Structure formats: structure tokens, C-alpha cells
Amino acid sequence: MEKEKILEINHMRISFCQYQKGMRQTELQVIRDLNVTVHAGEMVAIVGSSGSGKSLLAHGILGILPYNAFMKGEIQYCGETLTEKRIRKLRGKEIVLVPQSTSYLDPLMKVGQQICKGKKNPEKKRKLNRIFEQYSLDQKVQEQYPFELSGGMTRRIMISTALIETPKLVIADEPTPGLDPRLARRAMEHFRQLADMGAAVLMITHDLELALDTADRIQVFYAGYTIEDAIAEDFLKEETLRHPYTRALWRAMPKNGFHYIDGVQPYTRDMKPGCPFAPRCEKCTDRCREKEVPWRSSGNGYVRCVYDT
Amino acid sequence: MNRTTGKFIFRNFIKMILLLFAVSIAAFALMTASPIDPLKANVGQTALGSMSQEQIAKLEEYWGVGKPPVQRYLAWFRDFVKGDMGVSLLYRQKVTTVIAVKLGNSLFLMVIAWILSGVTGFLLGALAGMKHGKPIDKVIKGYCLLISSTPAFWIAMLLLMIFGVWLKILPIGLSVPIGVEASGVTFLDRVRHAILPAVTLSITGISNIAMHTREKMIDICDSDYVLFARARGESTWEIFRNHGFRNVLGPAMTLQFASISEIFGGSVLVEQVFSYPGLGQAAVSAGLGSDLPLLMAITIISAIFVFGGNLIANILYGVIDPRIRRGGVVR
Amino acid sequence: MKEAATFPEKRLDVYTEKNFAENEEGYRKKKWNRRKTIIVLLIVAIGFLAAVCIGGFFCKEAAQVTDFSRKNLPPCLSYPFGTDWLGRDMFARTVRGLSISIIIGVCAATFSAVMAFILGVVSATMGKTADAVVTWFIDLVMGIPHMLLLILICVACGRGLKGVILGVALTHWTSLARLIRGEVLQLKEQIYIKTAKKLGKSNLYIAMKHMVPHLLPQFIVGLVLLFPHAILHESSITFLGFGLSNEQPAIGIILSEAMKYLVTGKWWLALFPGIMLILTVVCFFTTGENLRMLLDPASVHE
């Protein structure tokens, strides 16, 4: 893949500061070690179970984490470090977010106005009309309020907020929950189109099957770590997958037999050192429990496991 | 506006009438329950002693002593419905006349204070909410805490000391200069005499609206849509213009209309300090002098204002919020 | 930090701007966090209030002593708040007055809060009619401006201590009652309470085990936050002449006497008692707000 590298994240960590019992403050690590690379024209899906803090990744890149959250690590955008100053200039223009639900739309602002950020720019207006046509949305919808929209319409409106700009990087945060399978697939196709038009698309989702349909590469996120980075084709066979958890995921897919493994993801507060998957892994040894497992390349992907599989 | 809105207003209106009726009964009951003998309070013990039995009987009739309360209430109510609120015992004038004058004076004061405190309070609250946690927020919050901890009459006294006694630039009391005939009073005189009371009332009114606007604004700034706006690169000013103002205006206006009762309460104290001849001062003298008809009338009038304010607040909410205006179901 | 050591060497901090670095440093080293500040503030506020109350007990005599050889003294070292036209020590009078006001305020507010609690619970649990009646009464009380209703009640009680306490109590219960009512209604809909009911737990058990732990903090905070309002209204109604008699130097009486001497330039008569009153009320407000912060589970993120 010789395309331009748009986004590269190395060793991202995000933690929260919280009060425990009484007056003690503790640090709660939500994202522990996350590595992602997205190229132009590529669609990468980060897949992890719900509520595992994946959304924070998007917020972290955009510099909109809550005030009690802290981030470490390295983010490169178009070959240059993405500093807080730089993201302030880029967000909403080159780097756009497509949010997950209606609550991200101002309930008291008309849809059209909202997409144009309240500005009355005739050029933007024309562009908006074109986007509406493309997504077969009635022009009247521009004058409606978010509460008057259906689920599928809301989805398209939110993608429109990204299209009104000319983004190089689109970050989509759980764009499908609450949609029926047909609509969800449609929504994914919209993002595929964006990637085909040359943008880099980073999709954060919990739906592996849907991601496999459209994305070029899949990243598996587990208990705050990225544990595997594989191209979509690797998911055709169990053998081409690298990490035991990814294989477990593969076996859990309906078409592959619906096999579930026992246990749950460890809660961030009771995490032990070593491999996060160790308690549930059949191949687990003392090495896995003692030391941090490094992120290393393996074939045409990456894995966080001491074994070559 | 549709039929549901009309029905809503009608129902609220009926409720308001019933509540007013209840208010009048409550006020009447409280007044008649008073152990204070109006004769002794107003004529004086010694004067009563030197009077003949007939004179006392006449006075008793004037002050309404001796008749059963239910009968008196019914008589009062019958007259009230006809628009006759009786005769003020203290001022020896028709209550309607007394109220008309006093209400005019008070309204002049209260409307100024209401608008002034509403606008400043809204702006301060919005600013503090947008800058949550920053020094400016702490200053505004501190100011609000201080003001809501200060009795209105003490602020009035403080301002009186500074501007009336010490700097001598504003008059000390009354709504018109002493010794000037009514026709010689200019509008400017009235304004000069109303400045201090109006400023006092505004200062006390600001804290309530500012605190509420601030809370709402903080909620809005924590909302997903503001987070998204930030992700789209909107500046703080754009966020305020596009989202903050829009979403905070409704609740703030509702609150300001619903807080008429507080400005009424404040005016009682402030008018007392500045000897401003308004409704509040009349209420105090009516209370101290057991002037039942006048106090009843003042209670009813103020309740009308309060309920009216609430009604407007409810209607306004529907007009501002498209979810209600467009007939949608409120989430 | 254990895992930090195992990170690869190449580890650049992206957000190197100083605010971020400072934050990271700041919160790790911050032994002195917000909650500790809150507790210190609480202790200071309660200490001040206790001092005033105890002081008032000892100032009872001193507040009454008249001495014409020292009348109308502006503030000085031996009389920090000055003396009045009868030569009474204003400091003693202020402390005494405040302690009276605090006691009256606390009594009235407690009365009011208990009333609010009972009515709130009744309205939420005793069916539609009870709810309608209570809501109606709330609307009624809120419809008359507080000061006016206070005047009416004080007149009905013939002015004096009883009138003030009753008046303040009867005017302040509405918002807390609404809060409790809403809270109970919400609790009743909670799944864990419905489950408990299905499991055949008695109403008493549910109330004690699930409702009280939830309502108690709300009630305590509501009660503490009623104190300042009660004291303010008590001083206001006394100031207007409806409350206590002139022999009892409640803070409202002191200030209303001071007003008569305002024009003659005796500023200290009004200034210091007023400032002390404000301090007292501020102490109550901060106590209430800080208690709320400590008891609120959502404040873990602060």
C-alpha cells in the first residue's frame, strides 16, 4: 500500500482521574496502549465490545476529552505531530467526526443551519443542496428540527456534517447502533464511498461482521489494548488470524459456528500486569502473566501476543 | 398555535382563578385569626378609655369587629366581584384608589428592576457558564452567593448610606421631593427618587437568574451537541451563538417570569427603607395597622401578578421550544 | 506506574504544551485535593456558627447594659463595633442578636423541612387525590409572595416569636416538598424497587432498605440549605416590625433601629451587624453546598 499515511497513533494512553472512597484520588486507565495507522483512501475499523472506551479514542484525537482525562502517546497527522494547537485548526475542516446519536445534534437548531454551523455562506448552501440530493433527502428537511427526523435520516444528516467540509480524515464513532441491519449496511456504504473518494476513514464500532463487509483493515481492541491489526481478508480463515482473542471472535460469528468463550473483559480497575487476555486464554503461560506483551508486526499485520500462530 | 395550546392556556387560566379564590380565603382567614385588636392598635388604649360607649360601638363597626367572619367574607367577596374592594381603614379612601396610586409607583420600580436584573443576570450567568471553572466564573459565582446571602433591606441601607448620606448625590427617600406640590413634580424627580430603590432591587434580583442561567449553561456545555460542535472546530463564541444562547434563553425567560414573586417580596423591604410610597410599603402599614380590606386587595393583586407570570412562563416555553410548538411530543 | 517502565523507549508526548504536562504532574502530586478543601471549609463554617451561638449565650447581659458615658462611640479597640445611642456595646448586641436569629432560623427551617418531607412523601405515595391536594397547596403558597404571606401569618399570630417561626416554616417547605415528591416518584419506578416488591419484600423493608438511603442525603442537604433562607426571612420580617419585640435584640431589630440613625451618619450601627449577618448566612450556604458535593455520587469526577 503506497498511499499517503494520514494518521498514525503510537502508544496512546488515556486515563481518568477519579475519587475512590473518601478523599483518595486515583487514576483510571481506560486506553492503555493503542496503535493505529490509517492511509488515504483506506477504511480502518476499530472493533471492540460496547463500553470499552473506544469513543475516547475519537475524542482524544480531536482534543475534546473531558477535563479530568489525560492522554499520552504520539499522534502523527500527515507526517507531522498533531499538537493541541494544530488540532484546533484542523478539526471540523480536515479532520471531521461523525457522531453516534441524535443527542449530538442541537435540539433547537434547524438541520440545514446546523450543518452549515450557523453560517450563511451561499457556496456552502449550494454544496448542502447537492449533498441532500445525493443522499435523497428532501430539501424541506433543512428546515426541520432534529426531533422530526427518522433514524435513517439522522444518520445521513450526520454524515452530511462531514461532507460539507472537504475532509482528509473522517472519524466515525459507532455509526450504526439502533439501526436495523439494512439501514446499518447503507450507513457503512456511505463511509465506504467517502474512503473511495480519497479520505481516510477511521471507523469505531462494536459490530465485527458489518466492519468486515466494508472495511479494508480491522483492528481489534480489547481491555484498553489494540491486540491485532489484520486486513479484512485475514478474517476469511481462522488460521490467518494471529491473536487467540481474534480467533475466539471469529468462532463466535454466526457463520462460523457461534462458539463463545467463557469470561468477560477485565474491568479497568482490576487489571493485572501482563497480557490482558491471559485469564481467558488457553495458551496462557507464566510469561504472559508476568510482563507486558509488546506490539509487533506479524506478516502483513500486527499482533500483541508472545506466540507466533 | 394549535388546539392543544389553546386548551392548555384555558386550563391554566381556570386553575389560576381557583387559586386566586383560595388565596383570598387564606388571606382573609389569617387576618381574622389575628388576636390584635384593631381598635387598640389604631385608636390607642388611652383614647379608647376616654370615649363613650356609642363612639366605641361606631368605631367597632368601622373596623368590622364583632360580625362573624364567614358573613364578612361573603360580603367582601360580593363587593369584590362587583369591582368594589371596600374602603381602606388607614387611608380612609377607597381601596381601588389607594391601590391605583401605590401600584403605579411600585410598577415603575419593579418593571425597571425586573428588566435590568433579567438582562444583567442572564448575561452574567451565561458568561459564567461558558467559562465554567475559570476565574471569571468564580467571581460571578461569589458575587451571587454574597448577594443571595444579603438581606435586600441591608443593601438598601448600604446604598442609602453611600449615595444619600455620604456622597449626597441622590435623595434619601419618598418618591417625590418633600414640600413640592403634586403638579410641580417632574418626571425627572420621580426617576431620581426611584434610582436607588430600583438599583437595590436589580442587584438582589440578579443572583437568582444568574445562578440558574449558569447551571443551565454548564449543562448545555456538557451536552453531546456542544462536544460535537467543538469537534467541528466551532470557537467558544460560535458555540455560544449557535447553541448556548438558543438553548439557555427559554429556561432563563421562564425563570424570570416565574420569579415575579421574589421581586414583589424584595420591593416590600426596599420600599420600607427608602420610604417609597408603593404597594410594599402599603402592605407593611396595612399589616401593622390591621387594615384588612387593603391587605386583602394587595394580596390578591400580587397573586394575580405571580400567577400571571407563571402562566406567561408556561406559554412562552411552548412558543420558544419547537418540540412543543410544532406539536411534537416532548421527550 | 508499573507498565510505564515496560513501554518502548521511543515515547514522545504528543500534547507537550505546558498545560497538559502540568495537569499530569499536577494531579498525581496533588495530595491536597478538592474534597479536603471542602472539609476544611465545612469545619471553618461550622466553627464560626458555633462560636456565634456560644458567644450569644455569654453576651446576654452585656447586650443589655446601657452606659451613657460611652454612648455613640465609633468603632475602637475596646468596642470593635462601636456603641449605640444608649451606650450599649454593639459587638455584644450583634453576637447576641445573631445567636437569637440562628436559633429561630434553625427551628423554623427544621419544622419546615419535616413538613416538606412528610407532605412530599404523602403526595408521592398516597394516591392521586393526596397528590392533587398537596400540589394545590404548594401552588397556593407559591402564589403569594413570601414576604406578604409572612406578614399575613405574623399578623394572624399577633406578632412575636410564634408568628415568626410559624411564618418562616409555612413559607419555606414548598420547594423541598416538590423535590422529595419527585425523588420518591422516580424511586418508585426504579427496577430494583419493583423487583423487591415482586420478591414479596414488605413496604417497610423497601422503604428502609432502598428509599431512606437515597432520600436522606437529599433531605439533609435540603434542610441545611433552608437555614440561610429562614434566617434571612426571619431578619427581614423582624426588620419590618412584625417579629420580635424591641427588648430582644434580634438582628432584624438591631438593623431597624440602626436605620433610624442612618441619616445622622452613625454608619457603624448598620454596617457591622449587617456584615456579621451576611457572614452567618454565607457560612450556612457553603455548608449546605459542600455537604451536597460530598454526598453527591456524581462528584467522583471532580
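Order of writing sets the chain letters: A, B and C. Residues in each chain are counted from 1.
Criterion: a residue touches a chain if its C-beta (ideal position, glycine included) is under 8 Å from a C-beta of that chain, and two chains touch if they have at least 3 such contacts.
This one's a predicted model, so the numbers in the text were calculated from it and none came from an experiment.
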Farthest chain relative to subunit A (centres taken as mean CA coordinates): B
Interface with the most contact pairs, given as the two chains involved: B-C
Centre distance in Å when subunit A and subunit B are each reduced to the mean of their C-alpha atoms: 54
Length of the line joining the C-alpha centres of subunit B and subunit C, rounded to whole Å: 23
Geometric centre distance via CA averages, subunit C-subunit A, whole Å: 48
Complex interface listing, subunit B residues touching subunit C: 15, 19-20, 22-23, 26-27, 29-31, 33-36, 145-146, 148-154, 157-158, 160-161, 164-166, 172, 261-262, 264-266, 268-269, 272-273, 280, 283-284, 287-288, 290, 295, 298-299, 302-303, 306-307
Touching residues on subunit A, where the partner in the complex is subunit B: 59, 62, 64, 67, 88-93, 96-97, 99, 101, 103-109, 114, 117-118, 145, 147-148, 161
Contact set on subunit B toward subunit A in their complex: 133, 223-225, 227-234, 238, 241-243, 246-247, 250, 321-323, 326, 328, 331
Subunit B contact footprint on subunit C (complex, rising order): 136, 139-140, 142-148, 151-159, 228, 232, 235-236, 239-242, 255, 258-259, 262-263, 265, 267, 270-271, 274, 277-278, 281-282, 285-286
